[in-house]
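Please find one structure pasted underneath; my questions will follow.
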Amino acid sequence: MPSPSEITNAMMQHDYFSQWLGIEVVSSGEGSAVLKMKIRHEMLNGFGIAHGGITYSLADSALAFASNSHGQKSVSVETSISHTQSLREGDEIVAIAREEHRSNKIAVYSVQVLCHDKVVALFKGTVYRTSGHWE
Amino acid sequence: MPSPSEITNAMMQHDYFSQWLGIEVVSSGEGSAVLKMKIRHEMLNGFGIAHGGITYSLADSALAFASNSHGQKSVSVETSISHTQSLREGDEIVAIAREEHRSNKIAVYSVQVLCHDKVVALFKGTVYRTSGHWE
Amino acid sequence: MPSPSEITNAMMQHDYFSQWLGIEVVSSGEGSAVLKMKIRHEMLNGFGIAHGGITYSLADSALAFASNSHGQKSVSVETSISHTQSLREGDEIVAIAREEHRSNKIAVYSVQVLCHDKVVALFKGTVYRTSGHWE
Amino acid sequence: MPSPSEITNAMMQHDYFSQWLGIEVVSSGEGSAVLKMKIRHEMLNGFGIAHGGITYSLADSALAFASNSHGQKSVSVETSISHTQSLREGDEIVAIAREEHRSNKIAVYSVQVLCHDKVVALFKGTVYRTSGHWE
């Protein structure tokens, strides 16, 4: 069975949107993932700050890597995010995904998005664990 | 006071991420917004389907336009999304934002994301209505 | 296979908390449920209005009845609620559950809670559809 | 200005539903609250386990006490909960509310509900901080 890093690498290789975001995998483990990226000009919204979809996307990639790390293919069924702090161009952000609960079919993860150790977004995601496996 | 379309246009003009997504404004009204876009290759994830952040971003832009349409600057405080159907490259999607509740300080919106009249994502967003106004 | 009403009746018979709440089933159908109840003194919180758990509980019962109505036993995996209006002792409220999406394993429902045709709470619930059936 | 415990006591005194639930305040601090209660027969649902509204209600009370602890009256605007484990009659549960973010007008809290140190529910709540104060 592949390791968490092997699964994350396999996913990242074809994850063109995470590549566009400039996501780098800092670490990946059983049920966890740490990612980072930098806010670029084309990620801003009409208020001159990062679009809410940018931090969501980083957190959602962290959810995908953390939840697939056990080898069982998992798909998101419900996610929520609170944006607590605005981000500017050039800001570097880190997402830390943690497994809060895992049963046979359902698992729940929290993802903290930080900028200079300050929480900028709080994300919670629930996945359905399919019968498919990473090989 | 500017009209809903004038506000949406002013927001879109500096919303570089919505521009990158290729979002087109179909219509905008008091408390509502209808947007559309097409899934491109660089929007796919490791499963070969649209990254969850893409539909979230479209819905979040619809929330921003609908909630700012009354002239009072509004910021998202909490959003959630259920992805109910996978999307492939070339799929065209439409987001329809509707105001479910509005009080002085808080308002709630639902956004349906459709592909060929099939629901592909269900989004709910709560905003805080600041004391600033669009001019 | 039992009908939606037969399933709802079977569930209500042992649902001691829904009984304590004074929930009455107005109607039940395939993927839907309409319930009503009245706010009593012992349901108030420290602000003299209905505790948030009361409207949540009514909506959660509506979710349970609507999602089990197809005969497949279903359990809640994630729910969210926005309380948009305060409720006082004596207020009568109605919950209307609607199926927004249903696949083999996952289904999503929205529940509107109304008081005199005004929305007092907006609820969204995702369920996991188990392999067990109502008989 | 009253202390966190004085505010919690003042709220509990008129919180008839928290009293019905048998909620006991274990501790209260600036932005935090720890509560406990026991599952009784009349709290069960049609599956013979605690109704989802019971754990939600405990978590929602913890949110109310934690968010009002700073002296500024705060009202819930959006809450979500994942039920991760079933509860039986006689089970004792503890809710631990933690402040994840607080700005002038909006604050976000997470609440873990535990039974024998096992997570049975994960709750997230966003409040609006009004201009009213506890005296």
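Per-chain numbering from 1; labels A, B, C and D assigned in written order.
FYI, contacts are C-beta pairs under 8 Å (C-beta built on N, C-alpha and C of every residue); 3 or more make two chains touch, one makes a residue touch a chain.
Source: prediction; values computed, not measured.
Of all residue numbers seen at the chain A-chain D contact, over half occur in both copies; the interface is built from largely matching residues.
The greatest centre-to-centre gap from chain A, using C-alpha centroids, is found for C. With centres taken as mean Cα positions, chain C sits 32 Å from chain A. Averaged Cα coordinates give chain B a centre that lies 28 Å from the centre of chain C. Chain contacts: chain C has residues 77-78, 80, 82, 106, 108, 126 touching two or more partner chains.
Those residues of chain C lying in contact with chain B across their complex are 80, 82, 84-85, 100-101, 103, 106, 108, 110, 119, 122, 124, 126. The touching residues of chain A, when paired with chain B in their complex, are 10-20, 41-48, 51-54, 56-58, 60-61, 64, 75-83. The touching residues of chain C, when paired with chain A in their complex, are 77-78, 80, 105-106, 108, 126, 128.
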